[in-house]
Amino acid sequence: MRKMRIFRYGISRAVLVIIIAIAVAVGVVGYYALAIREQPQTRKTMTIFASISEMTTADPSTEFSNSIRWLPLVYETLLWYDPIKNEFIPALAERYESRDDGMTWVFYIRRGAKFHDNTPVTAHAVKLSIERTIALGQGAAFIWAPVNEIEVVDDYTVVFKLKYPAPLNKIAASGYGAYIFSPKVVELAGAKNLTDPKVAEWLNRGNDAGSGPYRLIKWEPETEVVLEKWPEWWGWKLPGYPLKSDKAPDIYILKIIKDAVTQERLLLAGDIDVAQYVPLEDLEKLKGDPKVQVVIKPSFQNLLMLINTKKPPLNNVLVRRAIAHAIPYEDIVKIARSGLARIASGPIPHGMWGHFDNLTYTYDLDLAKRLLAEAGYPNGVDRPLLLVYTAGDIYEKRTAELIAVNLAKIGINVEIRPMSWEEQWALAQRGWEDPEAVQDLFLFYWWPTYITPFDFLYNMFHSESKAFNLCYYENQEFEKLIMEASVLEGYDQARALEMYYKAQQILYRDVPAVPLWDMIYVEVGSRKVGNLDKAINPAYPTAVFAQVLSIEE
Amino acid sequence: MLLDILRLKMYFPIRRGVLGRVIGYVKAVDDITFSINSNEVYSLVGESGSGKSTVARCILKLYEPTEGRILFEGRDVTRTRGRELLEYRKMVQAVFQNPYLSLNPRMSIADIVAEPILEHTGVGKDEAYRAALELLERVGISRELARRYPSSLSGGQAQRVAIARAIALKPKLVVLDEPTSSLDVSLQAQILNLLEDLYSEYRMSYLLISHDLSVVRYVSDRVGVMYLGKLVEEGYTENLFENPLHPYTQALISSIPEPDPAYGKLNRRITLPGEPPSAVSPPPGCRLNPRCPRFMDLCRREEPPVVEVEKGHTVSCWLYAKV
Amino acid sequence: MSGTAILAVNDLHIDYYTFEGVVRAVRGVSIELCRGESLCIVGESGSGKSTIGLAIVRALPPNGIVARGEILYNNVDILRLSEEEMSKRIRGKEISIVFQDPAATFNPLFTIGEVMLDVIAAQLGVRDRRRAYEHGIKMLKLVELPDPERVMNSYPHELSGGMLQRAAIAVALSANPKLLIADEPTTMLDVTIQAQVLDLLKRLRKELSLSMIFITHNLGVAAEVCDRIMVLYAGTMFEEGYADTILTNPIHPYTRKLLECIPRASRRVSRLRYIPGSLPDLKTPVSGCPFEPRCDYATKICSVSPPLVRVVGHRHRVACHLAQEKGGV
Amino acid sequence: MGLNEIASVLKLIKSNPLSMLGIIIVATFIVIGVASPYIAPYPSDAWGYSYNLETRLLPPSPRYPFGTDEMGRDLFSRVLLGARFSLIIAVGVVSIALVIGVVVGLTAGYMGGFAGMVLMRLTDMFLAFPPLLLAIAFAATLGRGLFNVIIALALSWWPWYARLVYIQVNSVKNLPFIDAARIIGLSPVKIMFKHVLPNSITPVVIQAALDMGSAVLEAAGLSFLGIGVPPPTPEWGLLVSQGWALINSAWWLSFFPGIAIVVTVVGFNLLADTFQEVMDPRLRSTMVMRGM
Amino acid sequence: MPINREYIIKRALSLVFVVLGVVVVTFIITRVIPARPELLWTGPHATIEQIERARRELHLDKPIHVQLWHYFVDLFSGNWGVSWRTKMPVLPSILSSLPATIELVVSAFILATAVGIPLGISAAIRRGSGVDSVVRIFSVVGASTPVFWLALLLQLAFCNWLGLLPAAKRVDEYIAISTGFKPLTGFYTIDSVVQGNIPVLIDVLRRMFLPAVVLSLYPMCLSARMTRALTLEVLSELHVRSSIAWGIPRSRVLYKYVLRNVIAPVVASLGLSFGYTIVGAFMVEIIFVWPGIGYYTAMSLLSYDYPAIIGSVIFVAIIYSVINTAIDILHATIDPRVEL
């Protein structure tokens, strides 16, 4: 008996040979890939910073988002502000004066400062820069709203005349909309004037017109931005200037790495030097790793739960108070942020001027149940409340789930719905006309454009701020208080503070929103990056002042 | 006359390109006239591509003819529709070559045979199925098989079911399109005998489409020979077989391999060289002219006329035309 | 066995392993073919006739297995040859084959020429493409193909069935085999084309002094091309003898019935005889004669023991229990 | 596919351990999908109704076979419940796509003509997109949600069935038994539903049933890309994607839901393999079955 | 090999129709299905004026056929909208990320066919053997594995636990900048070879290795599976037996005749595998921080950047159509039967 099978001999052997050949080839490539991990000689020092989000625009007048990660290195403002110490660091303005109860501000421009195109920084450039920002009216241009007129006294003196008193020193130190750039851009961009869109186009092609310690040399907003040290910067030569270091990196790269895990992995592998986001759960392990350092700094970003104050049953303040007392603040901070947040006390974050420590709600389910019963809901609320949050944000997601679990304990069912930001926002916008049709609860981050409590209180709780007051909260007394406080802030901070406190007490009582936690920023850097803690400033969130870093070879 | 086919033409357009432009026609049937009498077996013979099946499909109203008329019992049914078409359907049925493909594999054979009865007569379900079982028995399928599905039958049995379905409505004409060519000889004989019995029993007419001249000779009264869409010769079976006139008919008959050695040795074979040309661009004049052993100059120029050589025996060939 | 036998098949058994079970397609068939002779294997579908043809060139489908028997070609059992020897020494050069479906015999992606040149290169060792090409053209001319150059460069779908079958014959014969197996070569062709191909095969047989095994279901075709006929039923040989004897004076009841079934163009009968019943299922073993259920003459013994092959005349063998008793009726 | 084919499928399944494995996996998947809320060891963990500070991020252990997540919930329960969502998605997607596909394919295939051509051109337009890409576009437009995911996948999937039905109908509609039905005088609608549809639908339905594996896979892909089922649904793709955030320290969070996907899809694919071999007559005729 | 000019012209023509079809389908998706398309187009923090402007720019105030016309005009004039995530026009961003994706997908594809086809053949000719079983199981399991999950696991294993390969990125900036590497074409392998920059080449290959392997798995299994089935089918066809019976050596029949019969349909199916691969790249690129189209699209998806998503969808669909046309033409050169 004989089995007749086609291709019994020879042929399949040949196929095997092919497979083996391929396997060998793959193996050889693999071997080289694995074996040769040659580190070439670096001639320049370099720092790679991993950013979680891609860059937005490169136009300093209109940028209002992620490009803050590099703009303060390439462009300068008149002043820098340290909100922790509450003091100003001179930048392009060597000094300044406030006159007439904060109605007039004079800035003296630093002599010897020049732009990367080698034209000097003058009062004229300052005027033109700020006027362009105001004229374009985008991004953070609104910060200049108090300004009535900008006068150039001489090349190095510029005077701001205001419509009403305002803290122009803080405004001039804003992370957004306060950068000074070279008027030569008009010529370089081939534009008619500064507001010509060609200027923005020129900037977005990867050019810069700044005066800062670094120059932009590569601009790929979705993947990486490369900066190079500009040796002509005035700060390098100024002895004792706090915002510099002798060992600042020659090259500073912003690498966009979208997720925390990969950032952590690349950091540990030495592919990047600073990771802005790592999984918070891994932090303890990272703290123990001798190769890395963990820098923890407070931020002025907080998470609130905005309550729809116009939709029953939430229009009943007792129900809102019951909810506020049914939220496990401590657990949320531990689980959602692995402890890297502080339980909020009022809408103003810890560490900021205007923050008060006694505005935290207690987690007390019995109290919550009592309040709910008092409000007429002894058996809980009969319809599920809709809680929306931004899809993709794991901190919001965890917070939402924890809130839902606990509210269920007092008889309030919560339906959690992650939405894209624009869906969420478009939905919430309709609440002013039809509060019944929109969400009940809204997880909402806020951080200030420039450092003032007014920014928080006005935007989220003033009835004229239709875009962001998504509690649909209206309270005349509160509104009067904060409007007055904002004017006083320019010249009588003590009284302003008092009024801000009163305003916050009103919020505590009315519960239009429940402040949940104030974020603590974490940056993890390789050990060779020195001064990392000094390079971070909560007034310029997510930016690392690379000129302060000290690179150890 | 039961059925008259008058100057029937069936052209199929050939489409090309993205827009489906018509660039030519397959002239499958090109001007054919013949008729079938009541209680007569008429056969159309010819090789593949001769158009014999196309004629059958025109008669079965599966194709709409390009030109010409079909008269059934004197009525023009060429473009008939609706009610009238249903009436026509009742009277004209068919049996196809492959019995497995012509029976719906998802229906039991009782369902298959009962279907036309249910569709056309007002009888109830029970009666229709009773009739179907009787028909099945008539064609030699026992009742036990009635619940079976076609795939479990042998080829011969399946063809019997197809025949039962065709005669269920007691049609006047049954088109037999190569009814035995997918069967082995032993089964072929059974089916041919059955058809013959039914023929005399139901007093129908058959239109037999076949390429097998032995079968044709065995069953038919009259025969038409087709070549490349044309009817080249027509006559009574005996006349035609004994005295084939058209060179094509002669070649066809002489090409049949005969198992009888004595006959085979007597028979002088006439071989046609080459192969039939394409029906898209048939040769001018007589269509056989490129292959004809007795070809004349005239054949290339003009189409031959139809000549009646003896009673009922016509041929379309210049050899017999009186010029 | 006669010394002039070019091919002797002894007690061949072939099984197909199919999904439904083992099909015993050929059950103990013996063939003796003399040099220059042509033998027709006749049988209905499923009789195993094509399987025998494939087995002789050892080109059975992968699930077909020779269970028993020997195939002696010039007294060499080709079943014992290695694949390599078979390819080098036998196929194409000694034994070649033509199949039923000419369109499926050619690989659709290659021109006729490519196949032909490969056969010529492999079997005749002609590595020079020019010379091989010329040989190929010569072969195509031999089978009376018009315009052989065009045929050489044609893909199978560009040629008609008749032309393809001629081309297949040309390829099969291009390495000068001594034995040609023709497996229903004309079944798919029209009668006039069939006549041409039969004429061609007869002529080639004579000119090239080929031995031939011709497989067909058509007794008419068998009568025309063959010296001898073997009748096969359900994988079993029923009768074998000279064509004239078999056709005019058959002994086996099956052969006789078969001949009676056929409607003939040559004469008209009033009623056809037929064989009742149908072929047995080849998957189930049969103890007696496989024809027993359909045979009019069947006796008790027919259902019990298989009939032995008896010689009833000069090179005339019959496998029937009744054969001797009836004395060559 | 008649009784014979079903019988031979069963025969093949019995004889082939891989096919058997496929059946077991698919059956288990369906059972778990239906029963998971009742058999999950921690049902409230499964639904996300609870959290536990003490059991955060525990590695797999006898108590928590798949470990726990960052909310201290039992991953095993969540993966079990995930089967239910995968099952809902798979059944939903496939049945919606099948209905649309059959209607379009049957109409275009049997009616033909201008309407048929328009329908098939429409189908071709959808088929010009790579698989899943169209679903991504739909999902991005419709927004997140279980229902939207099903709709998005079904909308991108029906053309495949439409084409399959179309091809089947075309191969069936010219068979002699359809001619026979016309000769009997049946109306086109009757022919379509009594003769064409029953003879063209089986391979499509089987294909659809087997495609449920791909539906699970593609839904997981959408979830991973952030446009699928929203949290806290324990859908497998979503679990993998959320586990990614912690994979450096808690590998099990992504690993086990992924294994669940692989095993389920393997089950469906093994079955698909079996059916393919049985239904392709050419492969079947050469199938070597020894020892029968 | 026959090359049919008429066929090529016809295919090219039908490509135009396919592309038009793609555009129409995306039009339906983006402009007809959403209730207010302009909201999707402007994204978050949009002012009423911006939304109004978007409405005008998208011609949503006009009748639907005019909208379709403007949609066509905008697409073919390169105006694909502006990503609100990056505030950059969509088309240039996509084009600049094209080389990275091509480099990755092409290498994955080469890997897939170079391994998949021989695997399929060797399984088929040893049907029922151990090799066959291994190949079958591998191809089933491989085709059932979510590509993103595999990517995560391999990354975890090779980069985190074993530390053998880099975790992500296309090239190490330290190496690239210190050796003066300049991307010219955007294909880093080619660029590094042209510049003779061996360290960069090695780094690029090391970084490409894992994503390419992960991405190749699905098409590899698909082609192995298909090759196996086709080989079995072809081997059972009559022409294989006839070629052998006529005396052509078996090896020649396998490597010349059978192989071409197998390759032709496998080639024809490559388009579909390409479709899977490029969508798989969406997930693999985001995991390996590979700055290609997939990364761009996946990023856009994560932040619901609608103009960017739709732009990528159109672009990928067009590439897919072009590739499919090219593959059809390639197939026609192998198989002469492909009808006109």
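Letters A, B, C, D and E mark the chains as written, and numbering starts fresh at 1 in each.
We take it that a contact is a pair of C-beta atoms (placed from the backbone, for glycine too) under 8 Å apart; a residue touches a chain by one contact, two chains touch by 3 or more.
Since the model is a prediction, treat every value here as computed from it, not as a measurement.
By count of C-beta pairs in contact, B-C exceeds the other of the chain pairs B-C and A-D. At the far end from chain C, in terms of centres built from Cα atoms, lies A. If you average the Cα atoms of chain C and of chain D, the two centres end up 50 Å apart.
Mean C-alpha position of chain B lies 49 Å from that of chain D.
Rounded to whole angstrom units, the spacing between the C-alpha centres of chain A and chain B is 86.
Under the contact definition stated at the top, the residues of chain E that touch 2 or more other chains are 40, 127, 160, 235-236, 240, 244, 250, 287, 302, 304. Of all residues in chain B, none touches two or more other chains. In chain D, the positions touching at least two other chains are 226, 244, 247-248, 285-286, 288. Those residues of chain C that touch chain B in the shared complex are 44-45, 146, 160, 162-163, 190-196, 198-199, 217-224, 243-244, 247-248, 257-259, 261-266, 268-269, 271-276, 278.
Listed in rising order, the residues of chain B touching chain D in the complex are 57, 60-62, 85-86, 89-90, 92-94, 96-98, 101-106, 115-116, 119-120, 149, 151-152, 162, 165. Looking at the complex, you find that chain D touches chain A at residues 48-51, 53, 56-57, 70-72, 143-144, 226, 230-232, 242, 244-250.
Listing the residues of chain D that touch chain E in their complex gives 18, 121, 124-126, 128-134, 136-138, 140-142, 213, 217, 220-221, 224-227, 237, 240-241, 244, 247-248, 251, 254-255, 258, 261-262, 265-266, 268-270, 273, 276, 280, 282-283, 285-286, 288. Contact residues on chain A toward chain D in their complex (touch as defined above): 259-261, 264-265, 279, 281-282, 285, 331, 334-335, 391-392, 394, 397-398, 401-402, 405, 408, 416-420, 423.
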